[in-house]
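Below is one structure. I have some questions about it.
Just so it is clear, A, B, C and D label the chains in written order, and each chain counts residues from 1 on its own.
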Amino acid sequence: MPDENKGPEAVSPEQGAKPPAEPTASKPDATVAKPAVPAAASAAKPPDAGKPAAAKPAAPAKPAGPVPEPWDSELVSNLKRQYGSGIKEASTYVGQSYLVVDNAIVYEVLRRMRDDEQYDYCVDITAAHWPKREQQFDIIYILYSFQHNDRVRIKTQTGEGQHLQSAVNIWPTANWLEREVFDMFGIVFDGHPDLKRILLPDGWQGHPLRKDYNILQQDTEWVKINLGIESGQ
Amino acid sequence: MSNGNYNRPDLLDLDTKQETFLDTTEMVLNMGPQHPSTHGVLRVILKLDGEKVLGTECIIGYLHRGVEKIAENRTYAMFNPYVDRMDYVAAVSNGLGYCEAVEKLLAVEAPARAQYIRVIMTELCRIASHQVWLGTHALDIGALTPVFYAFRDREEILKIFEKYCGARLTTHAFRIGGCIYEIYDGFEQDVKNFCQKFLPKLDEYEELLTTNRIWVARTKGVGVLSAEDCIALGVTGPVLRASGVEWDLRKKQPYEAYSKFQFDIPTGLNGDTYDRYLVRIQEMRQAVRILLQAVESIPAGPIMAKVPKVIKPAPGEVYHSIEAPKGELGYYIVSDGSTQPYRVRVRPPSFVNLQALDKMVRGMLVADVVAVIGTLDIVLGEVDR
Amino acid sequence: MGGAYGGDTVSLGPILRKVFLVDLVKGLGVTFRNQSEEQRVTEQYPLERPEVYERFRGQPRLKVNPDNGESLCIVCNLCALACPEQLIVVKGERNPITKRKYPVQWTYDLSRCMFCGLCAEACSTDALELTQDYEMALYSREGMVLDQAALERGQEPVRYAR
Amino acid sequence: MLESIKQYLSTNVTPGEAGSMFWATIYVLAITIGVSLAVLSMNWLERKILAHMQIRLGPMRVGPHGLLQPIADALKLLIKEDVIPAGADKIVFWIAPVFVMMTAFTTFIVVPFGRTAAVTDMNIGILFMLGVSSLGVLGVIMGGWASNSHYPLMGSLRSGAQMVSYEIAMGLAIISAVLMTSLGATGTGTLSMVGIVQAQADQRTWFVFSMFPLGLAAFVVFAIAMVAETNRAPFDLPEAESELVAGFMTEYSGFRWSLFFLAEYAAMLAVSSIAVTLWLGGWLRPFPNWLSGPAWDLAFSFVPGLTFLGLAAMCFIGTVRMPKILQLRIQTIGLGTFGAVLAAVGLLLLVPGVRERSQDVFWFTAKVAVFMYLYIWYRGTFPRYRFDQLMKVGWKILLPVSLGVLIVTAIVGVRQELWAALTGVTR
């Protein structure tokens, strides 16, 4: 199933899957980040941040967007048979399938996906931060199968301080992708050959893509020591 | 990006050895971030035995601007110009990928006319990007002249861009839901003229390089990457196709109007630098082919789909990827139902392709490192984002 | 694609071509041909200025009504909201007689502008426009924040010489 | 005084042969200034020609069509900060460029610009040239080593290996040319540069055409090897810009860098002079055998002057075509003046007395100029070889070819004696 745009079919605001459940959790947090937006020197900018925020309360009823549908396929039933409740969810959203997998078995699932299901190309590994949740991080593995011409996302959740098994042994490409996830989110992958920062300097404090990391924030100490300036802004 | 790499024991264990007369030791050579041919601010630390490369380490991040963080603090429409600044030699492709991803999230589709315009612009952009690659790659291998010829012809494309959307490099050509600019009078003729003028020029580049024995010697068998290696390393784009995998998202998962055009996917056999060169040259010819088809048949109609002024997708997430000139360019967007994306992840082809550098240059010579960096066609703006 | 050279049979052609450096001579021919004067594409910038097309997004300009010199801006703030860099600040007051808002403060920080054109697109009265002027380089950052007057008459032209 | 000048000018020997210290000094000075001027103009020409091949204009701002650019560059280099890296071996770092430049200039002592227009005519002239020019690599290695940096070190070691390898092929090609001097009725075989040209004059053919295609093959081998010898594209690995930044010159700046630069171009001129002397008939005018006779001699003697007049005409055309802008007025006047100077030189060269004496130097310079153009042309066209491929070309192609050419030349040259000997044996 290619990335065909199926369009909205069911039009009821049902709260089955995880992503729709999120906005309530993340909304305060999003507004925390918002004051940072006007990175400007200009002090005056009052109505701009307020406007979208003000529009928000009225909104939830309006967008009757597409909703995830259960994803039934041989692959899913195979996996469910083997891992049981480890496969928490299998859905399709706007024609794109994803699995939510328990973080204990994600390595096995990935290996299986490559070895048995021919999902041999790891497109991307990334993460998202949901600070209000107990297990704060989503790790998303995007897989592609040359044979089926199909893309699948494997998602798992992990908490602060929890380690994940690295996928470098499955796909060498996971090396830098996991390093970037570590760099940006601080998620540690066990068994990674060289887990260190990749885009930010080695000594940098903090993980910028976490939601509690303000957009204007920087490691002032690092900047001072290494660049000899007060601020990079 | 790391500082103090010279003290890394695994790279520099010279001190542990007893140095005697006529003793040989490995040499650590720091290439970049200021180096004529690391294509920007890439820094490669080479461990050498004489001129032979024993291992490399890429240090990246010198151009990190936090694009993904910026995205979380901008509205969907506002973030659009920023994606042009990632792969700045193929800005149109970046914009296309982002707009399509958001459209998918919104469950809208650009009108047919907009799709054709997008295809034309993107294919022009593919040629422009390959021109930059050709010029700089040839320059890396020591041919000084092709870069000027390539930029001369790229200029024609940039002029079309400027006429169409008012900017040459960071175009911001498309908007979510279609295009905002209607094509100008004579757009079709401009594109056709370009195509007619460009093909002989392409022959000229080939005359200069394809059969040249020095060029062949410098590229054949250099930086070989097998199809299995490519897939394991996630390498996409012309590099993957040069290894013999006929995989192009324009064909495999057609987006926009690509399913309506006839074109071939050029592939190579050996997965070496020479094949990658031939594949990219052929891709330019195929792009011309698509352009000539598309420009003949631009349908009438609106150029903008019905998209609300304030874009506010329903909560959900989407991954959409397109075939950028450098490989699979993907956008993974998570919406929380607000006007700003909750998370935007860019899957940059250059970043993933660059990871194959080490595999490709081990056992080769220093000169090959430069050739391989050129053949990977990286843009550091995209690697570091 | 790959092995286009040297077939199965050993033919004299490729060998002779190799010995007589045909490939190299062909390349030399290309560079020699291109030496002619018609081929040169360099623009001598300050002497000849490149042509800029109609849709070029260059220096911002605020339009005034040519009849009475009033600004066309109605302080709707849409441009400021649309700007990704948030470099536009507009403040206005309402004219008690005409009930029309007019700007009292209008600043545009050119130093952070990326000429995406979103502000001009958002403008409801077409008062803000990105013009074809492209010579905006300055020796200091000071002149980069344009106020209403500068936006209406255009930035002071700079002589790029010390 | 005037008498002695007149007397000297009427002699037919070089100052070295005449034993005149005074005239030798004058010649040395003239050659030094001449070569430096040639390097300056080469600088301009290279940038211009390369630019035109690359569909650019090249320098246009300093002087009309950038004519004063080399002078501006030289001034800039002289007043530039002179950086010596912290870890450098200062003395060696100092000596290296001076050494390179000295060896490059010293070779010109034996170059015969004309029958008498050489400082001296050594009987081992060609050996002297080879020997001295190969010393230059020492300076390059010194510079690379003293910089105490990786890129220069690698560049200089590449340079060392490259020069040593290509000198062998070069030497063998030269020997086959020297062998040819012993051909013919009067041929005795000589290593003297003047003698080699004289031999070509006597045989009424340039060595590049003699014993076709042997002379040509040797010449081609030399022409390739000399490009490698001078570290120019496509063999410019020691200063491979895209790999080694600037090779052995990476850490050099300002005046010292300009010495390296000067030496590089001087070496190019020197090896081109060798090629011209050995194969292209040195100072002899073209077509000595086809177009012989006093009428043709006279016709050819007008060429130098006419060439300069042609250049002057080009300048005048350029002056007329200059855009009529106020800013360009000085440039227009400058170009016109330059054209006038060239025209004056051209007219001077047409004066009977000067005409005869200046011919030799003109033809020699013109032939060297062809090589200079080729150097630039190669640079504009070819990619760069990789190090192992360079060695392969040197050892596996050029060396066997030059060796073969040498052997065949020797056999063909002595074929009569050989034939006699063979028939003698069979009898």
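Observations
As a convention for this text, a residue touches a chain if its C-beta (ideal position, glycine included) is under 8 Å from a C-beta of that chain, and two chains touch if they have at least 3 such contacts.
As the structure is a computational prediction, the values presented were derived from the model and not from experiment.
Chains joined by the most contact pairs: A-B. Centrality by C-alpha centroid: the chain sitting nearest the overall protein C-alpha mean is B.
Ranking every chain by how far its Cα centroid lies from the centroid of subunit C, the top place goes to D. With centres defined as mean CA coordinates, subunit B is found 24 Å away from subunit A.
Remark: subunit A and subunit D have CA centroids separated by 66 Å (rounded to whole angstrom).
Computed from the mean C-alpha positions, the centre of subunit A lies at a distance of 36 Å from the centre of subunit C. Multi-chain contact residues of subunit B (touching two or more other chains) are listed as 74, 145, 149, 152, 208-209, 212, 214. Each of residues 24, 27, 30-31, 34, 41 in subunit C touches at least two other chains.
In subunit D, the residues that reach two or more other chains under the touch definition are 53-56, 380-382. The touching residues of subunit B, when paired with subunit A in their complex, are 1-4, 60-61, 64, 66, 68-70, 72-75, 104-107, 109, 231-235, 245, 247, 252-255, 310, 312-321, 328, 330, 332, 334-340, 342-343, 345, 347, 351-352, 354-355, 384-385.
Across the interface of their complex, subunit D is touched by residues 24, 27-28, 30-32, 34-35, 39-42, 44, 47 of subunit C. Against subunit C, the residues of subunit B that register as touching in their complex are 74, 77-82, 85, 145, 149, 152, 155, 159, 162-167, 170, 172, 180-181, 184, 204, 207-209, 211-214, 216, 266-270, 274-275, 278-279, 282.
Contact residues of subunit B toward subunit D in the complex are 27, 29-30, 35-37, 51, 138-145, 147-149, 152, 208-209, 212, 214-215, 217-218, 365-370. Those residues of subunit C whose C-beta lies close enough to touch subunit B in the complex are 1-3, 5, 18, 23-24, 26-27, 29-31, 34, 41, 52-57, 82-84, 114-118, 121, 130.
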